[in-house]
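Below are structures written as structure tokens.
What follows is chain A paired twice: with chain B in the first complex and chain C in the second.
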Partner chain A sequence: MIKAQQKPIAEIKALIAPYHRILILGCGTCVTISFAGGEKEVGLLASSLRIASAMEGQDKIFAEATVQRQCEWEFIDAVAEQIQQADAVLSLACGIGVQALAERYPDKVVLPGVNTTFLGMAVEHGVLVERCRACGDCILGLTGGVCPIARCAKNLLNGPCGGSQNGKCEVNPELDCAWQLIYDRLARLGQLDRLAALMPYKDWSKDYDGGPRKIVREDLRL
Partner chain B sequence: MSNLSDRSTLPAEPLPPCQVACPAHTDVRGYIHAIARGDFEEAYRIAREPNPLPYICGKVCAHPCETECRRGDVDEPVAICALKRFATEQHDLSKGHAPGLTVAEPKEEKVAIVGSGPGGLTAAHDLARMGYKVTVFEAYPKVGGMMQYGIPLYRLPRETIDLETAPLKDLGVEFVTNQRVTDVDALLADGYKAVFLAVGSHVGRKLRIPNADLPDVWLNTEFLRRVALGEKIDLRGRHVLVLGGGNVAIDVARTALRLGAAEVSMTCLESCTTQPAHPWEIKEAVEEGVQMFHDRTFKEIVAENGKVKGVRCVKVNFRGFLPTGAPDMDEFPETEHVLPADLVIFAIGQGPDLSFLPQDGSIAQTPRRTIQVNPVTLATTKPGVFAGGDAVTGVGFIIDAIAAGHRAARSIDAYLRGLDPASVQPPEPQKLNDLQQKTISHIRHLKREEMPMLDVNQRKFTFDEVYLGYTEAQAIRAAHRCLTCGAGARVEETKCIACLTCVRVCPYEVPLLARGTANVPVDQCQACGICATECPAKAISMKLYSDEDMIKQIRDAVRKAKYNGEPAIVGFACRYCAYAGEDANVVKASLPANVQTIDVLCTGKVDALYLLKAFEFGADGVFVAGCLEGECHNDKGNVHAAKRVAYVKGLLDELALGNARLEMFHMSPDQCANMAEVVSTLITKVKELGPSPVRRS
Partner chain C sequence: MKVGSNLEKVLTSGYFAATGELGPPKSADPGVIRHKASLLKGYVDAVNITDNQTAIVRMSSISVGIMLLQLGLEPTIQMTCRDRNRLAIQSDLLGAAAHGVKNLLCLTGDHQRFGNHPTARGVYDLDSIQLIHMVKTMRDEKKFACGEEMDVEPRFFIGAAENPFADPFDYRPYRLAKKIAAGADFIQTQLIYNVPKFKEFMKRVCDLGLHEKCYILAGVGPIKSVGMARYMQTSVPGMDVPEEIVARLKGVPKDQVRKEGIKQCADIISEIREIPGVAGVHVMAIEWEEAVPEILELAGLLPRPKV
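On to the complex of A and B.
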């Protein structure tokens, strides 16, 4: 799932500084699960910003709402009235939700309250890690189910590099070396011979390098 | 995580076993929880609502609720009866016996109630509230039935009965005492549109054994009644043997002791493990010196020249009574012996005096010589005449009779309005399932609070009340043992996104995923509140408190804390531990006026939002007072609270408010008693930082 992290309050304060009536709009899916932008976080941020406003002698008005998914117009439209009443919408959705809002309400100021960080999962409660870069050309079938694009700091296709030490990455010694993980996993699967073959260069045009991507399912289009 | 795919579903809103077990379905959990949070008037209100005799029940209810209490599966049942007593003792009677009680417009119809025991009084109470003109006929000089003429004074002081019956007169109920009803038809002819027969079970029984009719062979009911009527019976020097092993037999034995008997013993068919009296009654009787002789059948009252010398007994292995009423047992050969006594009192059962029923049989009796009724409506075979309590069921508990009184009142009202009485009776409630072993294994053991009692040497010579009642601190500790069954987390399925937070944070391993959303099985949830507080989707709410309530309390607390220019401090104090058994009011009174505490049942319920709200409303400092680590009632509630405090401290720094304005105190028992001292450390820091720059009206 998409993982995000709330922006520092100082940054948010600066973003909302010009506006008086602000709708803090949460998103009930990915950012809720990543504890960044669900209904609970909307409440905490609203209270924090009310404190900040009062400390500065301002009388900003903060409204709170959370929709099921900000990346769908039908869900956003459920709070159309509150959006219209606000001078600015502080969206706690991922970048997709922020843009969906901006697109749906072209006359409305929409501000991001979170940094969309990565695609990942919780390895324990409160610990979220990156697992996928959405490169558009999945090679997990070749690497024992461990992604060298998302998990190797150098995105190496034929690792490990010389910086792999005791299973850790030289870029950040807290990180596991993805290629060590790949080696261990292939060894377990009895597929170490895969490592003898050189992995050819990857078609990066399917990644962002080919420009914004688009999927069209003609069979589904109305 | 093996339970993630469990798709079991549970019925909506099953009730706690205590409430289902109570014949009047009293909201036990409700009043225990109110006591636990220190709201004693609310506790009384809840306990009073389904029961017009809460003071009496608080003292002598047989409390079937405790037998069913699920805390009993963990260690020992919650002391429910003692807590009801506490609630009544705390109630300010100047507010009325039933504050907020509504009374309907007066109606024309007259209703007669025969018998003023708990069933009759309850029906009178309910019918009077419905507006009917109610007359209660009582054969004896005082109202109360078996409560007045059966229960010994040392268990139920008569002031308690007076206190309970006085409000009925205020409701307009007319009491006609010293008036034994002998003709039911005459009542109907006299303009009473309906009659409720609640005559109780006042006739003791003897076995037909030789010499049972001697003057020194007495009956349980008559003996207790004579004592209650004030007759001075002198048993000094006598050796009393009570035949029977039930609760009434115990009452008889202990009363005989108090009348000066030199020796009192009891003998019964049952063994020491199957004796029908409540175990605590047996224990108290034995403490007072009553001797027990189990596993015996009685053959003959041994007498010489008309003087009782004892009872000839044979040892048996009693297995229970057969449907015919005969004992199922074998006598052991050559075990015949005489238990010595010069006064024998039969306490082997009792039945109603039904000689007043019409001779034409229009009010039918059962083969067990009780009044025959429709069990749903309590209607007898005569139209307009209803019956309930011991006269129908045989000897039961007070609370059974109260339930029958309610049932009869509903039926009579329906009957008088031309409705089918069966249609107005509520369905039987559904009960929560048993606790699973896994849940039990996570529940902290808490010792049951002993009821303070008169010293045994002091009590056995007087009719002074034996039970003394809990102190406030004891009552609160006792109430904290309640598992608040069924009052836990509720998941709003449309908001739940199955993030698994609840599954991961629950200290009792209760939540599971079912059909794509979280499910917190109502029969296992321990209402710690941690899942509701941690849920990022706000999809979980708690039955007994809400964010809205808490935020209102926080707003009020901040307002009150703004006092005399001192820093306004708001604290969230765990009721389980922060007062450490001290009287919470004493601890709170020791705090300066600028420190206001909000009580929570476990700091695990303190949401990060509550901390921020306090600052938003203008608090200068905020603290959370919980237990020492490792001693949380809910395992890790205080750990979660500490983490939330740390998180909000970070936000306070980001806001440039200063993290020193917020503190988590893990209080040792010493510190609890001196909360003022602990909080003073926070006040000092807050003073250094100066008043909060958040200024709101």
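On to the complex of A and C.
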């Protein structure tokens, strides 16, 4: 899922400074799972901002709402009235949700309350890790189910660099070296011979180097 | 003979090669290059010029390579995948070849996080093995990475690096094989202080017959101080510095440490020379280029052959 982290409170306060009536809008999907922008976080942030506003002698008004998915029009429209009443919407959804709001409500100021961080998973409670870079050309079938694009700091395709030590990455010793994981997995699967083949130049045009991506499914269009 | 560089000639003639290294300045001062070149001239078969080493911005490797040619030294330029995509790399290599540069070391590059611009975007369009393959394809097939042909190809004696001490240790010889299959003509290894472990690595390399397909130069370097030895032992990723290396430097009076470091380096070279499959040494005396002649003299590698 998409993982996000709430922005520092000082940055949020600076973003909302010019506005009086602010709707804090959460999202019930990915950011709820990553404890960054669900109903609970909306409530906590609203409380913090109300206290800060009062202490600083302001009279800002904070409304709260959370929709099932901010990245779909019909779910956003469920809170259309609250959006209309606000001077600005502080979205706690990922960047997709923020942009969906901006597109749906062209006259409304929309501000991001979180930093969208990566596509990943929780490996333990409270520990989120990156697993996919959405490069558009999946090679997991060649690398033992471990992604060197998302998990190697240099996205190497032909084996580990010289900084792999004790199974850890030199860039962040708290992270496993992706190529050590790939080596171990392929060894277990009896597929180490795969490492001998030269992995060709990657087609980055399928990644963001090809410009913003779009999928059109003619079979599904109405 | 693929390109006829001095380094290639020395190696193909069967001499034990000795290459040096020159770190460009963090400035536009050509005087630094002239000075460092004067310290190395005549003592090594070729001089590597680092490419933004440890991700710190320095004068470009190719431009310093051109200066060395003018000064009568043979350069081995270095090219990393960190700062350039395939367009920039090929373009720069065409230019380097046009200026007469003949040796090239292909590297992935130290991650930008370790340098002085840690917030920069790393490129890594290619990895080092793909870079080797691309340079070989340019040289031997006269083709760019996209498949288009060129009239006059850049001819490089292609080098690659290998760290025998990184993990997974069992995979390292196979990774070397991959680099050779991709087109590496010579290898320069990471700094070697753990000679027994390097010996084990070389045994595996020879069992695979890799020493017959490629010239393997062992990386060596003098240690200036006990503090530097400790730092390399504990803080440099991929380095293996055994305790006895540090102990030897600790065992002499403080004003003798540099001298001992030079002797230690020469002793390591002598040990390495005995290891089957090693074709030469690459002496990396970082910011201590003046130590190189003394090390090579002590190791019995001077004068250098005229080929």
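What we mean here is this: the second predicted complex is superposed on the first by the 222 of 222 C-alpha atoms of A that agree within 3 Å, B and C clash if a C-alpha of one lies under 4 Å from a C-alpha of the other, contacts with A are read in each partner's own complex, and residues count from 1 in each chain.
One rule holds in what follows: a residue touches a chain if its C-beta (ideal position, glycine included) is under 8 Å from a C-beta of that chain, and two chains touch if they have at least 3 such contacts.
This structure is a prediction, so every number in the text was calculated from the model and none was measured.
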### Task
Please work out whether A:Val123 is in contact with chain B alone, chain C alone, both, or neither, and reply first, second, both or neither.
neither
### Query
More chain A residues touched by chain B or by chain C?
C
### Query
Between chain B (first) and chain C (second), which does A:Ala54 come into contact with in this model arrangement: first, second, both, or neither?
first
### Task
Determine, under the contact definition given at the top, whether A:Ile139 touches first (chain B), second (chain C), both, or neither.
neither
### Task
Once the structures are superposed on A, label A:Asn155 by its partner contacts, choosing first (chain B), second (chain C), both or neither.
second
### Message
Per the contact definition in the header, classify A:Ala80: touching chain B only (first), chain C only (second), both, or neither.
### Response
neither
### Task
Look at A:Pro200 in the shared chain and tell me whether it touches chain B only, chain C only, both, or neither; answer first, second, both or neither.
second
### Message
Under the contact rule defined above, give the chain A residues that sit at the interface with chain B and also at the interface with chain C.
### Response
none
### Query
For chain C, which residues count as touching chain A in their complex?
81-82, 86, 108-111, 113, 122, 124-130, 133-134, 145, 161-163, 166-168, 171, 174-175, 177-178, 181-182, 190, 237-238
### Query
Which residues, counting only chain A, touch chain C once they are in their complex?
153-167, 170-171, 177, 180, 183-184, 195-196, 198-202, 204
#### Entry: Residues of chain B touching chain A in the complex
495, 497, 499, 501, 504-505, 535-538, 608-609, 612-613, 615-616, 651, 654-657, 693-696
### Message
Applying the document's contact rule, which stretches of chain A touch chain B when the two form their complex?
### Response
8-10, 28-29, 32-33, 35, 38-41, 43-44, 47-48, 50-52, 54-55, 66, 125
